[in-house]
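Shown below is the structure under consideration.
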Amino acid sequence: MDVVISGKNVRESLIRVSDALFENADYLTSLDQKLGDGDIGITMTKIARTLKSYVTEQPFEDIGKSLVELGLVINRNAPSSIGTLLSTAILRAGKVVINKKEISTGDLAAMLDAANNGIKERGKSKLGDKTIIDALDPASKTFSELINEGVNLNDASMKALQSAEDGRDRVTGLESRVGRASWLGERTKGCIDPGAEVFVIILKSIIGI
Amino acid sequence: MDVVISGKNVRESLIRVSDALFENADYLTSLDQKLGDGDIGITMTKIARTLKSYVTEQPFEDIGKSLVELGLVINRNAPSSIGTLLSTAILRAGKVVINKKEISTGDLAAMLDAANNGIKERGKSKLGDKTIIDALDPASKTFSELINEGVNLNDASMKALQSAEDGRDRVTGLESRVGRASWLGERTKGCIDPGAEVFVIILKSIIGI
Amino acid sequence: MKKLINQPENFVIECLGGLFKAHSDKLDFTEDIHCVVRKDAPIGGKVGLATGGGSGHLPVFLGYVGKGMLDGCAVGDVFASPSSDQMLAVTKRVNSGKGVVYIYGNYGGDVMNFDMAAELAELEDIDVRTVLVTDDIASAPPEEKTRRRGVAGMVFAFKIAGAKAELGGSIEEVVGVTERALSNIRTMGVALSPCTVPMVGKPTFTINDDDMEIGMGIHGEPGITREKLESSDRITSRMMNALLKDLGPSKGDKLAVMVNGLGATPLEELYIMYGKIFDLLTEKDLRVHRAYIGEFATSMEMAGASITLFRLDDELTSLLDYHAETPFFSQY
Amino acid sequence: MKKLINQPENFVIECLGGLFKAHSDKLDFTEDIHCVVRKDAPIGGKVGLATGGGSGHLPVFLGYVGKGMLDGCAVGDVFASPSSDQMLAVTKRVNSGKGVVYIYGNYGGDVMNFDMAAELAELEDIDVRTVLVTDDIASAPPEEKTRRRGVAGMVFAFKIAGAKAELGGSIEEVVGVTERALSNIRTMGVALSPCTVPMVGKPTFTINDDDMEIGMGIHGEPGITREKLESSDRITSRMMNALLKDLGPSKGDKLAVMVNGLGATPLEELYIMYGKIFDLLTEKDLRVHRAYIGEFATSMEMAGASITLFRLDDELTSLLDYHAETPFFSQY
């Protein structure tokens, strides 16, 4: 029997995301200070605040429409690199389920895939550039495959998280090739990419662990 | 028998003044830091350097003419408040003995008086304003009186120095009423006026003690 | 670093508030206060020129909105990109039907947002073209020029594009001449002290009391080397060597020079640098057509300076000489 | 404070060297490099205007030599007066026969030297008049106005005198209108950090990390009170209260406002101050005719700002609006 995810479920998971971003703001900033300009904590706080107020006001009747709107509001409030990429991801994920009051695990897989493609298009970066993509792309692939194979939501999610963490760790030793961090060259080797870490944190809090 | 002062004597005393100003530059700066902008040491170093190079080059054949020229050169090289006043003083003192190859003690008294009046005119300040005047004016008066009374140069000079020191000390407890220090008001009470101290140092080194 | 501010969150809107109180005769905003435009925008028959970027760099970016320069600017938080819909609002307001050219510095957040704005504008039938400023030679080697950051050289790009548009150039012509200008523009900076983003409250980087960072970017991005502070002449010579090597001018070439203070460095020191630059150029038989010495692209209270060289041809010369008038920059 | 300099002793001459390399089309010097004059001086039939003072305040003083402003400036060492014969050389070069007006800040060294220069000039039959700038209300109470220091307000005095002379005013008229302008000009400053005179090598004063000094002069002269740093709005209100009390404008009066950065304070912060100033004036039914926001009279890398209010009548308004063009200041 297929799991069905309601607007209420989506709202609850977004509130968990908001809490997690608030909590991890300083930690993420410390990563961005090594690799970039140290503002990622400010961005995450802005996103967390936006999530909380938007989710509180919105019924998520039409899940897709609400997500598209949420994406736009996030861009307005947090237009840094990672903020813009996350807003693009949410907007693209929303478009996949426009008009839906409930979504299936198949929808979820399609949403993750759309988010992944959206970020790739917007950021023009690829696997191995040491960005959020290196966590998001493998997670999306794992999730889609497993859901396709009929694995249940919980197991598929946990495996996807594992892929995200592996992806994040795989690039830690590499040089950043995109964005501010790329100007640091050699000195980025061994530093965790803050954007990849953001995706892991978001995925964890969506799953609810 | 009257003492006669040669151009050579004048040169020697100016070299002593130069040495004393170099030596006291930091001390004087520390006084000006309390009362003004702390640049009096820079000014004294500039004057000392000017004195040394001018006196080395000039024969002081015509004592008056040399002093007038020296005054002008000092103004060019050290045009701060105290620098300008000292240059005026030297220039005015020089005018009194223009064309003279030797000067008498009476000339010396007239020179000191001219210097005193020159500084008063140029600076438009009066006794009690807590400036160089408060040391120079009483010293000049004492010296003139004693020389007039036939007291010898050495004794008259020592008494004049005593008057200069007393004058400097008399105003230390007062408020500065002129120049930068005047903007400090109350806070100047108890601080030695750097300009008055400069005159004491100069007089001492002219005398040769 | 101590600041004369109120709540850090209000830094940008209060700054913009003051701006509109001071310059309401020349500037206007559209939709929200972060969308700064010429009061007379759109100018009929003229290609629109828009820029955007983070706050904290005045006069960059909004300071170049005005006659003979830009038509509009989307303003972000300190050192942060404005949003795509702010840039879109600016785009719509400055479009007179002849299209809009975006000219801005090559930073990830800005590129993504302005690309989004351009896509959205195109849905509304506005022809948008983008010219990225990548003049900071310290940020990538010549082979990877497109990765370079945009710094003070963007002011020359604004000037050239602004004059060409004002003279009636088509969108292709404006883009073409601005790209040609940029291919002749090189910048390098040196930083002596950091600045503090009001909302962060601590310096963007730390640097020893006797150190300098040669090649540092205007948000405190890493430079080429950090070492003991040297004399102005020595620093200037090193930067000039790097710039001339990258630009490769020929004897007799005509240049414009910008000596730009990053914030705390006094004008006196910029003139000392310029004296040395002039001598070095003269030695190499290069002529200075115009010198711009002052604060054109800052990092709040950072101490340091950048040097920009701009090799001119005849058209670029006459466009550079064309008059301009903004509340922050005028030339007649 | 770290500086981009060479030998401290050469700070001023190297700065002037750079200046003449950059602006040889507009500026010239006479006798020695410290005597800066308009290239076209003397201007036949025009009253000559000269100023002078220490270095370290750019654009003050020499930055205001140019069309519609001053004819010449004698430049001293950092924070020190130029000599009388430097001022005399400037005086001779700018005199066209209609006499020369000295306009400068009320500092002892300058007064003595320029008085000397004036006496010497008179021996050569040049009619010299002096107008002292005493706009800093923090330096003495209203009863002792003549003891006050001259700070940023002098830029308005230069502007008014410059326009009046350019329009053919006689020496009496120039002096008269400049004095009337100055009787309507008041300035007050706040400092957050000190500056360092290159030859001294240590800061001119010390101030705690969380303190400010309200009323401090532009060489670090003592202000009215030193206390904990407050918000920009609060500081601005306090300074405005003091200025308005001293100036005593009536409802409906028209003012020019200058918000002047002392060196390290970013333009953004000056605009935040201006926003508050505008609101406070509007509340009191006072109108702003023109706002000048930027760096006009600095103290090298000092952090802080000053506010100048200038009450205008009809003649002063039209003189203020008159065009001016110097390498550091232009208005059309």
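Residue numbering begins at 1 within each chain, and the chains themselves are lettered A, B, C and D in the order written.
Please note the rule applied: contacts are C-beta pairs under 8 Å (C-beta built on N, C-alpha and C of every residue); 3 or more make two chains touch, one makes a residue touch a chain.
All of these numbers come straight from a predicted model, not from anything done at the bench.
Most remote chain with respect to chain D, judged by CA-atom centres, is A. Chains C-D form the pair joined by the most contacting C-beta pairs. The mean-CA centres of chain A and chain D are about 56 angstrom from one another, to the nearest whole unit. In terms of their C-alpha centroids, the spacing between chain B and chain D amounts to 33 Å. Between the Cα centres of chain A and chain B there is a gap of 80 Å.
Arrangement of the chains shown, judged by which pairs touch: a linear chain-to-chain path with two open ends. Every pair of chains meeting the touch criterion is listed here: A-C, B-D, C-D.
The touching residues of chain D, counted against chain B in their complex, run 76-77, 79-86, 107-109, 112-113, 115-116, 139-140, 147, 149, 197, 199-200, 204, 217, 219-222. Here chain B touches chain D in the complex through residues 37-39, 42-43, 72, 75-77, 79-81, 83-85, 88, 122-123, 178-180, 182-184, 187, going by the rule given at the top. Residue ranges of chain D in contact with chain C, taken from their complex: 1-6, 11, 14-19, 21-22, 55-56, 58-59, 190, 192-193, 209-210, 212, 229, 231-233, 235, 263-276, 278-279, 291, 293, 295, 298, 300-301, 303-305, 325, 330, 332.
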